[in-house]
């Protein structure tokens, strides 16, 4: 509901659907006309995402002016005596911020693709750009969603795009397989999400995020027992709080899948089979963020359930550490980045679970930029290396690719959490929130400790990657003569490099704390918004309903602590891998190396479940079906035909037998009817 | 005056003798004769009961049966004749080309 | 009279095509099938029915003429459409045209007989959906068997005779069972009805006019009749454990026939369940809802597991139909507007999508002459458009949003989760797991057949060197196309093969984005059912 | 037949006895005319004239019957015409069945014209057939046990001769022998049964017997034995278990047109007397206490349809399959008798009558198709029929109509009548019979579809080439198919008459 109804504001919101529609148009153009276009659809995509970016910025400005929007725009199904299903827009600070992030990264990735795909003469470009367009459309629509149903719809659609784009090089064996795995694992999570969405509809009769009739509000009212519409909800035999926890955890299933959290993280490393710009856009900056964004979007609901929050936090903390440890031993530059992505999303989950809503969103934002940067940087390296990705084949690229190097370095510093790069501020705030709430809650504290340990690993693997790739002597012929890079590759790197460096300044909590300056811009930004969907309200709910309380602790202390760990990790990496000819130190890890390179055998057990167990059960069912169920059917027919064959043998052909049988039959009939009629009495 | 039950017994006995003949004899002509016996058992009944009830229906009907029995035998003999021509025998159990 | 015109057009078309020379049969049939299609679209557009046909609603295109008097009962030619049957009639005509087009390539002998039978099948199917007198309905219901039998038996695969007989006998037994069940009810109603008019019977049953028959008490009679009717329809649907005729029939049937079999024939079963069991005997359905839901859930999961174990593309889609139809049953049990309406929507949606998938498999089979997953790979290389359609269809089948497949299942879940029979959330949640398994087997099948390096192993494809290895891949490797040396016979599908796919896909997407096109009339027809049945 | 839709309820205007029995007379006179022709010119080989005369006779009789039906003669409650002191009863049922007999006879005679080409004794053949038809028409009208017996013999004796007509063919002779021997035995049993009934009641007239029995009787056992023996006589005629043993052999061995005639018309004749005798003379109200013959028919129906269908399922020869299926159908029709007294008498009996009418066309047609195949000498087994659909599509479409209609699939009136019977069984609470009908129907679908499979699905091995498309056989087969098909939408034309006629029996 627009509070200030000036015509500009209204117009900005009127055209907001175009943010999503533009990429959809580029999808259609690329799909049907792509092969006739000069850049095979790239230009359409760039134009569309550029337009989306501008519109998003406009919306952001409008929102900054204090105008918000929460309206249905298209009703799929309306039922008079039951709930409706509709699409709608929810434009508030959170979604406006996310819109800008998504459209910006999408725009840059489209641009980068010109260099990565077009200049390399890849086949199937219309398909590629169509996929990107469809993805951008879906992702933006997901962000715009005003209700959980619409979220689910586009959550699934981004999954489709992910499948399409991971499997872009379908002629090889690995990408289609990876695409399948990605879709299946996330689908497994989405199953729970779907149950959750349906259950939320069944419970609340609505799935809108914001407003007086939204499900978080209804749930809050139900818990508060304050009557209202939320007073008499069906809770399926559980207590209201218990049922809401179940609902939250069900939706969390989808989040774990999409945001690649343990144990559903296994698809993301495999997803690196897709083209690198895709990895940057989908598997780092945006789609993977969808899960986290969803939790943030319905944070008012999660905040009602301390159990759900604790699980979110614990899973996040565990994933952060778990994934970081695996990144340590990877040889493929994209693999390192993939595990680092998993790890970083773990931090966001940790932040959300620990009650640090703003911190998590902050990290979401910074991570989107620096991880997109790192992936695009890696993509640039891969172009230069003629599509080799093994870091041991690189080395010494620093001088050959200066732009790439410096931007990549900026991204790495941000990732490792070195002050003053973006990642430092956001990660630090997440950890701080976990710590202050964790001091009152052992489970949160454990999650915090895992997150903290992961900082060390992050610093280590990040600089191991940087050092192996760019420093030392070139280790192969290709590394000595890298392919040169075009402007379309460099521009996005530079833009993102700047952002990765400075975006953290948007929310310098430790400085603010220390100096007392009002520079926590993101806090301020998210504090406002629609009734019930802003950080201020979340804070209240966390305290009153979930019983979260923060210990008094200086953010500076925590910041110093984590920064020193990150530096220690980076330092260790420098010690081990800085020379001209770094050694394979991983061998020294012994059995642990095997465990880490095999990803703790996570893939194995999941593949075992999916293939051996799944197909085993399926085969057994098939045998049962063929043997028993169909066997009965065929058995009935065989028995009938067999008995038919017996029956016809009665007809011996000898007429005397017939006379005998006839007589016997008549006598039997006489006896039978006689007995029934009582003739013999 | 013989009570009507005795006629009934007599006819039943003759009927059974005829039936027994059919079941045991393989010669087509014996078969025919046995059928005649059975039909005549029915005639005995009809006549006896006709007498008992004092109406002539039964007696008249017995004449019809006799006539029809003759016609039946005529057709029967014809068939037995072609049976003999085709199978070289009047044994009814020999003709078993059609069965099952 | 317009409904009679529709049925008559199909029948006349059947005869005309049947006697036409083989040469012209395919074109003539396709052209002729446009007439009923256009007519049904016109009827859809001008549809003015309201409420439920069996519960005193206002019918569209109704006719009622006295036909036979059978003892105390009058049999009338009574046809008409409501919001449930109208979309199904349209579905039948659309799929018939699609199936006829899809048959152009694979059907190479006795064409006129083939297309004649297809049009006859169309007439029967439309009749089933339109009939409102039990006997008229039953005539069409049984008449469906005849063309199906011949279509499978003559133009089918190697085990076609077995499959055709199995289908024929199995479904006929089912018909007899339901017939007996229904007439037990009719006689139980005694003098409260004087015709076999379905609306009259439905209303009499719902107002509790049932009395004992043959010493069977009304309550028992009701349950027994429900069981008989359910068993009869369950075979057609099919519900596990009555499903085993389906994979055989599908695998052996020529693909265009599979399109109709999966697309419309299975819906006949669920349509009848909705009309008879769930409209006429709502109290029994509600009383035993949990048991029926169990059947539904077992069908969903078990069918999906069976599909997972298959290697034949058609068998995969066939078993997955078992799974999908389980959702329909589940929705019916719910007695909510989303449950029953969603079940009906799912019938339409599944009709389109399974038709699409079968047609895709058929197009692939036309050139590869194999349907085994292990025999081919990388089809995307040679048949990009077909592959795209297959992918789109498969995702629609998996319930991808913005396709009708998603909405059908989603409606059902929405309707069932909060339904008031015991264990409803559990049944729903378990049934939902089907969407994971369906994704599993379809993705697996697609990965194996459509992607990877190109290759086909079949006895049929001729030999000859591959001329072009396909596009260059990103790191300089060449797509490997020459391995099996059959590349030259695998060529992109013709336009008339693609056309039905495109039509069906377009409908799937349109219905996925604008479900109100059919859901509005479905909802209108379903609501009275719930109101009177006490559903929410 | 449009005028038949509404049965006339009031008694028809009095008409002369001669007019009322015109169909019977026409049949008999045609037979005699042929006899005269044959006597004058015993070596006549003008088969067209002979067949034409015979067909004209049956056709005239058919038309006469239809006119009588249309005129409402003898129809309606209490409207039956009692002729010759009640020895003959002309009512709706009699006329209805006469339609069956004359139609079947017409079809068979037309078909025989081709089938009998180059054979001797053609005049005798047609004459025997007409005499048998006369007997059947009389059976339908028989009003006393005496006329029943006489007319039954009049129908049977020519049949024996017809079956053995091809006297140089071992199969034909053997079939004739078996038919005759079982027939003779059965008629003896029948006669003895009549004598016992007479012993109990002192009457032979059906209505008189009913009157006597309604007063009750001491001789329950004697009456019961008598009634069941009479039932045995009918069971023979209708080829019901255990009197069915002759049927498979006789139908298989006999010339196919004769098989058609016997399995359709003769069976219907057996049923019409059974209906009349049991509904009128031994009406359930009078004897149900002591002699529960509905139980007997219940058992007969159950066993007959089961034996017939099961035995048919695994046959190798089409004709023998049809023979057994004919036994099975007798079982279905018997349900009409078994379900009497269940409160739906008019419905169940009407359904049985309707089934016999449809059966008259579809089964005759099926046997005539076999005759056609014999004419072409393609062989007798299912395999021999392989691929015929490509060579003779019209006849094979007709055969498919017969098969599907026999199986109860809606391409013919058999669908309607079979399901009407099922309705009758359900409506009178005979769920076990209904279930048995279900099982048997499924099985029958299996074996009927084997014919379809052979005709359309299997490929011919190419060894047989069809020569010629005989006009008479084709006309008969196609005609039967058309009527079979038309009886699906047009079933009301027959069913209303049948139900009304059946209800009139229970007035």
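A few points about this structure:
So that you can tell them apart, the chains are marked A, B, C and D in the order they are listed, and the count of residues begins at 1 in each.
Operating definition for what follows: a residue touches a chain if its C-beta (ideal position, glycine included) is under 8 Å from a C-beta of that chain, and two chains touch if they have at least 3 such contacts.
This one's a predicted model, so the numbers in the text were calculated from it and none came from an experiment.
C-beta contact counts were set side by side for A-D and A-C; A-C has more.
Using the mean of the Cα atoms as each chain's centre, the chain most removed from chain B is A. Centrality by C-alpha centroid: the chain sitting nearest the overall protein C-alpha mean is C.
Centroids of chain A and chain D (each the mean of its C-alpha atoms) stand 77 Å apart.
Centroids built from CA atoms put chain C at 35 Å from chain A. Chain geometry summary: the mean Cα position of chain C and that of chain D are 42 Å apart. Inter-chain centre distance (chain A to chain B, centres taken as mean C-alpha positions): 96 Å. Multi-chain contact residues, meaning those touching two or more other chains, occur in chain A at positions 637, 648, 651, 653, 655, 659.
Residue numbers of chain C whose C-beta contacts span two or more other chains: 169. Among the residues of chain D, those in touch with two or more other chains are 177-178, 181, 185, 189, 248-249, 315, 446. By the document's touch criterion, interfaces exist between A-B, A-C, A-D, B-D, C-D. On chain A, the positions that touch chain D within their shared complex are 637, 640-641, 643-645, 647-648, 650-651, 653, 655, 658-659, 661-662, 664-666, 669-670, 672-674, 676-680.
Taken in their complex, chain D has these residues touching chain C: 344, 346-347, 350, 404, 407-411, 415-416, 419-420, 422-423, 426-431, 434-435, 437-438, 441-442, 445-446, 449, 452-453, 456-457, 488, 491-492, 495-496, 499. Residues 75-79, 81-83, 120-124, 152-154, 156-157, 160, 163, 167, 169-173, 175-177, 179-180, 183-184, 187-188, 191, 194-195, 198-199, 201-203, 234, 236, 275, 386-387, 610, 614-615, 617-619, 621-622, 625, 629-630, 633, 637 of chain A are the ones touching chain C in the complex.
Those residues of chain C lying in contact with chain A across their complex are 166, 169-170, 240-241, 243-245, 302, 305-306, 308-310, 336-338, 341, 378, 380-381, 395, 398-402, 406-407, 410-411, 413-414, 417-418, 425, 428-429, 432-433, 435-437, 439-440, 443-444, 446-447, 450-454, 470-477, 479-480, 513-516, 519, 523, 527, 536. For chain A in complex with chain B, the residues that touch the partner chain are 648-649, 651-656, 659-660, 663.
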